[in-house]
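Here the structure is laid out as structure tokens; the discussion comes afterwards.
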Amino acid sequence: ASGQSSFDRVIAGDGRIEPRDEMPDDYRKSLIRQISQHAHSEIIGMQPEGNWITRAPSLHRKAILMAKVQDEAGHGLYLYSAAETLGASREDMMQALLAGKARYSSIFNYPTPTWADIGAIGWLVDGAAICNQVPLCRASYGPYARAMIRICKEESFHQRQGFEILLTLSRGTPAQHELAQEAVNRWYAPSLMMFGPPDADSPNSAKSMAWKIKRFSNDELRQRFVDMLVPQAQALGLTLPDPDLRWNAERGHYDFGELDWSEFKAVLAGQGQCNVQRVEHRRRAHTEGAWVREAAMAHAAKKAARQQQSARGAA
Amino acid sequence: ASGQSSFDRVIAGDGRIEPRDEMPDDYRKSLIRQISQHAHSEIIGMQPEGNWITRAPSLHRKAILMAKVQDEAGHGLYLYSAAETLGASREDMMQALLAGKARYSSIFNYPTPTWADIGAIGWLVDGAAICNQVPLCRASYGPYARAMIRICKEESFHQRQGFEILLTLSRGTPAQHELAQEAVNRWYAPSLMMFGPPDADSPNSAKSMAWKIKRFSNDELRQRFVDMLVPQAQALGLTLPDPDLRWNAERGHYDFGELDWSEFKAVLAGQGQCNVQRVEHRRRAHTEGAWVREAAMAHAAKKAARQQQSARGAA
Amino acid sequence: MADMAEYLLWLGDDALVSAQRLGEWITNAPELEEDVALGNIGLDQLGQARALLSYAGELLGRNEDELAYFRDDVDFRCTHLVSLPRGDFADAVVRLLLVGAYSEQLYAALTTSADERLAGIAAKAIKEVRYHVEHAAGWAVRLGDGTDESHRRMQDALNRAWPYLDELFDPHPLTDHLDGIAVDPATLKEPALQRITAVLDEATLTVPATQRVAGGGRDGRPSEHLGPMLAVMQVLARAHPGASW
Amino acid sequence: MADMAEYLLWLGDDALVSAQRLGEWITNAPELEEDVALGNIGLDQLGQARALLSYAGELLGRNEDELAYFRDDVDFRCTHLVSLPRGDFADAVVRLLLVGAYSEQLYAALTTSADERLAGIAAKAIKEVRYHVEHAAGWAVRLGDGTDESHRRMQDALNRAWPYLDELFDPHPLTDHLDGIAVDPATLKEPALQRITAVLDEATLTVPATQRVAGGGRDGRPSEHLGPMLAVMQVLARAHPGASW
């Protein structure tokens, strides 16, 4: 009971919960779910962009893209570590992902048919991720908050790089401009859906906010994102594909049209264009790498045995 | 002794030796060596051309190339069968090839960096093969002679197709013309070397000729080939890369320059550009297919067992 | 006419991309006999593609090679199933079975198309496709009911391919616009599935219970695998625009 | 100046093609840590390639992207070893070890090149390459002296790569023309082989006794694998000639 009340006190005082602190079981489970989903999203998110590493149209862009995809692997690693501080095992989390039982951000089930998608992912998807994640840098669980601080720094680089790709395309040849516009047309609505369903339909949000894991509602974040995008789209010379998008002086925000949640739900339910491909890709890489991981363990065991033996010999 | 003399009689009378006929051990061994080398050459020869199936520049050419490479697999199969009639096992021959112990025509250790190589292989390599093989249609060993008749028919299609590819390139854009000339520059000398070393250095030839397996010497065939090429090269509008090539009215043949046999010997000794790659490719395909072959055998055994059981049940 | 051309692209692109993948198998098959067989099947598919794309090209004022070599992936109209990466031999067998069973129904129905030229193409194709399905079915049974490893590989391959099957049968407004000429893909599903499940039964394989994927190949949303495949297929033709070969 | 540019292409193309192959590993590594590590190494190599190709480009009046994207395979100057198909992780480790051991000697020697800019590039590269060799050596030992399967795979990969090693050390008239600036590759062979064999010993692997292949990459006779690789690498840039990215 004293643990429970200390937890409440820390939360109320906007303090940080650390791994060894007591915490309610629900809090722990909810965090494991959220952090592992976030980790999986980083890992699966490597694929739609990895798709263009071999075809990046300049060496400069190739280097940036390789670094970005590599950053995402790094983010996945921090986040798995953060989840491990809560008692989850990386192996279990990975197995859940490979078995198709774990969630990851649905946005990565959309394909990247053109190079402009790399720009759109950076600008829109990473942009939405940042809006979502900046508040998480103040999440009540310490390891998660610290991981998010590092991740957000890198993500904002990524977003700027995405913006630059689109800007170059938008100001390039007519064919390049069209590629950019067409990618924005495809990624705009899905990126708005990254904030989750409307507040009215979001059952987990209330608790997360009470626990100070989440700080703003889905709809608040979505509005913030749209308000941020509109001037940036103007700077890009690209149009956001929403006829209902307009400034509302009264609200001091942009109004925007209804989103088609039925598609979101279909993708979430596994029927997106790439759901199967993404999980299958990960499964194949994991399976093909099994002999390497086994060998590394076998070698470590051999080495330890040898050291033990030579220590014994010396004694 | 009566077998030996009947063999001699058949040979002397330009007749055919058939699988069940008695034959000298040397004759049998020499034929197995020659036929299996020929079979291996067909199989390995699929690779330099197979290299362009996915990139063939028109659907018409892609279809012709696929059919050609497939024909070569077929030729390999006939020839392995012909060798099997002499008591060799396909499995043993294949293992010798995979182990790098069996010979195949050195010409296939040259690479095909450009599409024009597909034309040059057809015109020059298949052309040389035909010169070599047409006399083999009268070889004294029946199954070999019959396989060669079928193979030669198809090879002459292939040669014509190669000629057509080069003709189209030669009459095409300047870049295409240059590709064609450059490929002919690379394949001309190696194709002349396909007839084997000069007669003076060819130890096996005399016996093969006495047995009526071989009917013309290496140098005779090479001369015949050069005489055939010169007018065809003129028709193609391409130059054969030999400054010493000129008509000799006295001989009634074209004179041609010395060949650089040191390169030939290096390639033969395994140091060509693609020796390692060709055998490794075959080894990989064979290894990756092992589970399929095992399953086919296991299924056949199961099926046979079931049939036997149901036959027993019926009895 | 634009609708007709579009429909021909559906069929022609499926055939072309299938043939291109089979082309990757040549020199890589598990036995020489299979190099020959896969080559034959690829050639049949390529022949179908050429007939269909030539016809489409006449309607569009382009020839077969312009359509094959100078369209980008988003301009192709093939389903996702045919562009999946080569995979192992079990993947090849499973795809040949699934695509073949669909094509068998498709071409059978198209032999009575009101468009005579398409009916003629279908009449030739149906004979070829029947053989392809037979060939795939033979392997499916041998491998499904072979060793433990071959059974596992076949089931894995089936699980991988299955989510892409439904796209082949998706209804589409285009076929409504071509009444009597084209076939509503949805009508092909039941007989094709019957054929497939009969083979899987004999092969001791289980029909997967997996979710379908979205597809979109017919509407210019190709799989991510198509772009890299076309990069290789088109590289030489595009390096020499306007050249003859 | 043409000689200098040619020499820079030797080094730059080796680095670029190595980086391109490593790029194929990202999202496919046996563990996430290795996705990161291979990505790092690929980025280092890409950085080396860019420095070298930019320099070559200045001498030739072309920029790094024109050299990377608008040359055909026969205009590349990389050795065959770097363009071999991706293979399995053992192939990646072996090639990284072999190419790394060569590069380690090469860049160490070039730090004293009479060409200051090249010496500067080498001074940066040598630090990176030392790490790459360490990384490869660590894996070679773990896998060579790991399980029976990993030992077999490593030895197989070593046998596959070994025939291509000699080309790296082939003497060539070009380096004679660049006395004091370039390094005679033959002089690098002994120390590189020492490094390699020390690792193989610890890894319980056997130096293969296989024949070398002819090579020819320095003289415009690229491996057959380079063309298809460049088809993919260059496809987008070539589809938009003159565009900026």
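By written order: A, B, C and D. Residues from 1 in each chain.
Just so we're on the same page, contacts are C-beta pairs under 8 Å (C-beta built on N, C-alpha and C of every residue); 3 or more make two chains touch, one makes a residue touch a chain.
On a predicted model such as this, the values are computed, not experimentally measured, just so you know.
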Practice problem: Identify the chains adjacent to both chain A and chain C in the sense defined at the top. | Solution: D
Quiz item: What shortest step count links chain B and chain C in the network of chain contacts?
Solution: 1
Quiz item: Where the centre means the average of the CA atoms, what chain is farthest from chain B?
Solution: A
Practice problem: Give the chain pair, either B-D or A-D, that is connected by more C-beta contacts. | Solution: A-D
Quiz item: Roughly how many whole angstrom separate the Cα centroids of chain A and chain D?
Solution: 34
Exercise. Mind checking the centre-to-centre distance between chain C and chain D? Centres are C-alpha means, answer in whole Å.
Key: 39
Exercise. Find the geometric centre of each of chain B and chain D from their Cα atoms only, then give the gap between the two centres in Å, rounded to an integer.
Key: 36
Self-check item: chain A-chain B separation of Cα centroids, rounded to whole Å
Solution: 57
Exercise. Enumerate the residues of chain D that touch no fewer than two other chains.
Key: 227-228, 231-232, 235
Self-check item: Of all residues in chain A, the ones touching two or more other chains
Solution: 54-55
Self-check item: Chain-level touch network, classified as line, ring, star, complete or other
Solution: other
Exercise. Just spell out which pairs of chains touch, all of them.
Key: A-C, A-D, B-C, B-D, C-D
Practice problem: In the complex, go through chain C and note every residue touching chain B. | Solution: 16, 20, 23-24, 26-36, 39-40, 42-43, 46-47, 49-50, 53, 64-65, 68-69, 88-89, 141-143, 145-147, 149-150, 153, 232-233, 235-237, 240, 242-245
Exercise. Mind listing the chain C positions that touch chain A in their complex?
Key: 73-74, 80, 160, 163-164, 210-216, 221-224, 227-228, 231
Quiz item: Across the complex, what residues on chain A touch chain C?
Solution: 48, 51, 54-55, 111-114, 266-267, 269-277, 280
Quiz item: What residues on chain A touch chain D, complex-wise?
Solution: 43, 46-47, 50, 53-63, 66-67, 69-70, 73-74, 76-77, 80, 115, 165, 168-169, 172-173, 175-176, 281, 284-285, 288-296, 298-300, 302
Quiz item: chain C touches which residues of chain D in the complex?
Solution: 72, 227-228, 231-232, 235, 238-239
